[in-house]
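You will see subunit A twice below: alongside subunit B first, and alongside subunit C after that.
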Partner chain A sequence: MTLIVSESPVLDPRTLAEALQLRAAHPEAMPLAGGTDVMVYLEAGVIDPPRWLNLWRLNALRGLSRSGDTLRIGALATHTDIGRNADAQTLAPALVEACRTVGAAQIQNRGTLGGNIVNASPAGDTLPVLLALDAVFELHSAARGERRVPAAAFWQAYRKMDLASDELLVAVHLPAPGAGDHTHYRKVGTRLAQAISKVVLGARVRLDAGVVTEARVAYGSVAATPVRCPKTEAALVGRRAGDLAAAADLVAQDIRPIDDVRSTAEYRRDVAARVLRGWLGTLTA
Partner chain B sequence: MKTSITFTLNDREVTVDTLPMARLLDVLREDLRVTGTKEGCGEGECGACTVLVDGHPVNSCLVPAIQLQGARVQTVEGLAQDDRLHPIQEAFLKHGGAQCGICTPGFLVAAAELLAREPHPSRAQVREALAGNLCRCTGYQKIVDAVVEALA
Partner chain C sequence: MSQIPTLTPLSVVGQGLVRADGHAKVTGAALYVDDVRPEGCLHGATVRSTVAHARVTRIALHPEDAAAGVVLVTADDIPGENVVALMTDDQPALASTYVKHVAEAVALVAAPNREQALHAAARAIVEYETLPALFDAETARGNAIRIFGEDNLYAHITITHGDPASLFAAPPPGTRVIEGVYRCGHQEQLYIEPQGMIATPGMVDGRPSLTLFGSMQCPFYIHKALKRVLGHTDFNVVQAVTGGGFGGKEEYPSLVAIHAALLSLKTGRPVKLIYRRDEDLRATTKRHPMRGRYRSLVDEKTGRLLACDAELLFDGGAYNTLSPVVNSRGVIHAIGPYRCDNVRSEALMVATHTPPNGAFRGFGAPQAMWAAERHMDRIARTLGLDPIAVRRENLYRDGDVTPTGQTLKDVGVGIVLEAALERAEKPLPASQSQTRPGGGGAAARVAQGRGLALAWHGCGFTGNGEAALKGKAAVALEGRDVVVYVASTDIGQGVETIFPQIVAETLGIAVERVRNAPHDTALVPDSGPTVASRTTMVVGGVAEKAARQLRAALAAEVGFEGDFDAMLAARKSVASLRVQAEYTDDGSLVWDPKTYQGDAYPAFGWCCVIVDLEVDLDTGEVTHRRLVQATDVGRAINPVLCSGQLEGGALQALGYATSEELVLDAQHGMRNNRLTNYIVPTTLDAPEMETILVEIPFAGGPFGAKGIGEIPHDVPHAAVAQALEQATGAVLERLPMTPERIVAALAAGPTETQA
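After this line comes the complex of A and B, so read on.
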């Protein structure tokens, strides 16, 4: 194997303010978080940016904190940081589960939530969960300060997102689960570890006196971006627990899977509906 | 352009002049000639190149040198103390956890970190902690046996 080593210089800021200045001055520089996606692309010769922007030292992007009922997760929090965090386990168990299925220990120890979000693979395992939990992304730029974008508006087309060339993702905000909220995560792949998902589901259903008042159904690996399922969600609202499973029949109308090396469109349509139907059937008032 | 990077390797401070995007794996093997750490796939899949950075197992083929400034790196060379093997090394010997040996340094480092956190892991915990390490020879059972019994 010929080894490709990037000879490009690395910008190495210590503070977020410095990083945002550099990001604006060098829009061609590729941000580098845990490197578990970019180092693979680099070594495969898929990318060769003229400059890098190392985010690893930015403590402002680290850590998880709870304020009131919101969980704030720094963009540089690793999948291991999230999986082992007590507040995340309480407030966002579906995200914790997702983080624990990313790659294997070595990947979870280095790969970050922010990297998963901005890499924007349609198969990114945390992304459907972020959609289901109504996550909000905190983006910063030197010129315009902070702005917030809901996950549902972030991924716009295949690897295209609402992130300007002078912006960095700084944190993810998750509202606490409401009363009656039930959440679910399910990854379908060839093995538990190191498998890119064939289908991945993140879902949330709010039950009030046994009736669904709010529903989120989101998938990865079944379209060009992670997607919500508006028809399925609408069909769930107003239904009674015990009689929810039929709503899963609408999933096929909400997703646009393709055949690729990992699976077929037909398998994905079938399995996407099945994993949702199975979970809905377990919900009782 | 090369840059100077200082970190601790197995409790000893080292400084290397290297490309900032060079892989930790190559910094170890080529720049420092510390060759216990092996390369398998070069893309994060096999775990042969596993080392600890700041106490966590990571794939050294995916860590760029620039991120090592001030870091604490531990490799398989750091497991034995003086002439005494680490208990996980003794256990691999006893249970036949190594055959060709290419995967072994990565398994040892990942298993040693698990045992430091969880001295008496279940078989399921061992399988989960080592799921990112591939072995084409042993069939894994002997490796799991070795880890479960290392501190038993």
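After this line comes the complex of A and C, so read on.
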């Protein structure tokens, strides 16, 4: 049988403090969570890190907890953990739905939310939802302690993010959904499992007496990073439920899709707007 | 035929016995070629061309690899002929002077481990003088740049039946001429186990020998090809447990085996050559793309076919492989299961500078019947008739004559049509109507549709192919057990289970006492290749005959004819008793390969497929909800395996319909050569399936069995197209019908055709 093998040594911390020390001492070491992204790169020969930093034993990074209406999700929470968590189902149904579309059962059992975030693929399925929900990332380093970065500021360019070489992602904080919040997740993939998104939408609209007071529209697979759509969001604010769909016409100005092996720029542009329009049309006061 | 005959129940045949190889496979005990590592084994890798057409001016190892002792094999190391012997000898084992397609094997390397071998192959130095390349079949046909022969045609067949020319020249009143163009792209077989082979040197009777062990469908194809390359026959070929083939392991493994043998010959060591998935996808054969131009003269009121003119243009790729067979099957099946008394059907197989296309389940029939079925729908649409009514009007009946002049009997197409329609009315179970995860939910705008398509499929080799081949099978009494010796391999379809069933039934013993011998050319006779829906029907029949001869031989030995175990008890000798039988026909089939007139096949299978689907009008995503198929299988030797073949084949065709597409780079190499990006359906994409086995026994097959391996892949894609049309009005005439193409067709509006 052909195995995917790395001969590089593995650093195996048991506590977060130890992990941060090792991270600082070995910036060349690649953090390893579920390994579902890493193994693909390894097999394709695009990475060959001299050392691994295994995060899998850091129980402090596991689990979900609710305080008040805020949900804290450990970076090592798997897509299955999130999908099955009652608090996540109540507070962040769009994220739960996103996690249930990642790969298939085996990948969901092993792949983590932190890995999805730091892998920073423009097609990462949870990322538009994290943008739409105003997620905040909790980053730690041995030297500077804790720091928080909003999702909207995290992905800066193609696979470049606001994460220093001595930092680890420890948790994701999702603020309480506001009264009148409506959220939506839509994945346009290539098939029903093991599908990389052609277009993936995460959206949130807050309605107050039938009028939009806050809007978040975010997409994956339509630009070099997961993106928010400022023009579309601005056009939504102040509009009345029942009359929202037209704002989707602005999506084309907010995104920069390309042709690739999975789809075409044209399809992505049209479909991105359409799936948003369809959802906006269902929102009534 | 209107009534299905009643079959006599049998004790072993007709039972859905658990597959003989199942336990080992599900427990992981089965050894595939990559699970085996002989002592001292080196690893091989293939140096491949990066351009489509060029003269090769230099081949060398990277100096570091040369210094490290990596072994390089080029065409100069070939002891015999530099050829992959098959239908014509146009394909070299190693492209030493010219490369004709991207990813062509130029040289080979061997190293102590796989990574080192792959690395050395990747950085080997190959210098080219590039030459202009022809990528498109229409341009390549007759082009001044020669790829094959005088005109870049591997094959060209025209069948003429009746007098279509006069009818088209002067259409009678009340008739219409209807024309259409239908296209299909490539399709990859996507066996789960990539290509792989191990060559191990040894000694037999004091002479050096070589054993080829690997993933394959046809041990004797490899034997014939390797003999030419080595210049002798001191070797044997053994099939390893094989993880799928679908035609992809019919002819291609000959190349892999030749390569492994050459590496072993040069190094004197066992050499293992296993393709990476990305390499396998880029280098190996695909289903032939096709463009079908159809013109029919039909009765305006009924849609009755009065004359048809069909031209199929296939892209064969850079070497001939088995393309003429695809061309042949394509042209014979071009009109579908419909009677037309005036036909001209022509098929051309064109050479291009692209990786060779080759064997794939259906062999041209899925392409030809895509065109035939879409054309039927076009006729119905143009005349404002119901597509099923137009089919009913035209379908074959007993006594009808096909374009090759064959008079049909036991025609099952009407029966399968009614059987499928009867079941199609059942409402969807609740679980199937659920929304898809990550789907639009309440926001989704969806449309539902149902489509139907009909197929016929000639079982076995065309014309007198079987009589010429004389496939052999042996059966031997070994102790109290019986061993079946066939070259037909199990590639997932059930040979290890079905042959013991046929032989046990014939001998009247428990199936547990019958097993297949290893498919090793040193042990088994040449049964012919494991292809063309012929294994159960033809080789199974030869095995049945051998079993009857074994009974007779035993009776002769003990002096009475009776119960098998009674004869066994009376036997004095304990020596094994082996008999061999071969295929003979009764001479009733008459076929002229020059005019393509006569009896094209000993039997035809018949099939009706009905697909229910849902299409998202915003995204073009298709959810296949339910697939009903009714198929005339002759007789199901093992109904569970038989249904499994039909269901797997239909799912493969659904992938062909809506998701499987090759994305090509500038050199026409496959860009989406990963499982992530070449989109075959997963279990979640599979619809609920209802599979109806219709049993109209075929006198020439064992217990009435017909070949069924290919027919399920013939038309589900056409049913999908009709369902999409019914759901949305959009007409799609090019495969695959990806969401991108569906969205474009929806935007173009109803009945706007996509040329």
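Assume the second predicted complex is superposed on the first by the 281 of 285 C-alpha atoms of A that agree within 3 Å, B and C clash if a C-alpha of one lies under 4 Å from a C-alpha of the other, contacts with A are read in each partner's own complex, and residues count from 1 in each chain.
In this section, a contact is a pair of C-beta atoms (placed from the backbone, for glycine too) under 8 Å apart; a residue touches a chain by one contact, two chains touch by 3 or more.
Here the structure is a predicted model, which is why all the values come from computation and not from measurement.
Number of subunit A residues touched is higher for C, counting subunit B against subunit C.
In the superposition on chain A, contact is made by A:A105 with subunit B only, not with subunit C.
Within the superposed three-chain model, A:Y185 lies in touch with subunit C and out of touch with subunit B [touch as defined at top].
By the touch criterion stated above, A:Y267 is placed in contact with subunit C alone, subunit B being left untouched. Looking at the shared chain after the overlay, A:D12 reaches subunit B, while subunit C stays out of its contact range. When both complexes are overlaid on chain A, the residue A:W56 reaches subunit B alone and has no touch with subunit C.
Of the two partner chains, subunit C is the only one that A:G281 touches; subunit B does not reach it. In the superposed pair of complexes, A:A193 makes contact with subunit B and with subunit C alike.
In the superposed pair of complexes, A:G35 makes contact with subunit B only, with no contact to subunit C. Overlap of the subunit B and subunit C interfaces on subunit A comprises residues 1, 44, 104, 192-194. Within the complex formed with subunit B, the subunit A residues making contact are 1, 3, 5-10, 12, 32, 35-36, 39-40, 42-44, 52, 54, 56, 80, 103-107, 109-110, 192-194. Here subunit A touches subunit C in the complex through residues 1-2, 44, 97-98, 100-101, 104, 125, 184-196, 198-200, 261-264, 267, 270-271, 274-275, 277-279, 281-282, going by the rule given at the top. Within the complex, the subunit C residues that touch subunit A are 32, 34-35, 114, 274, 278, 436-440, 442-445, 618-621, 623, 659, 663, 671-672, 675-677, 679, 681-685, 739-740, 743.
Against subunit A, in their complex, subunit B makes its touches with residues 1, 3, 19-23, 26, 42-45, 47, 50, 53, 56-59, 61-64, 66-67, 110, 128-133.
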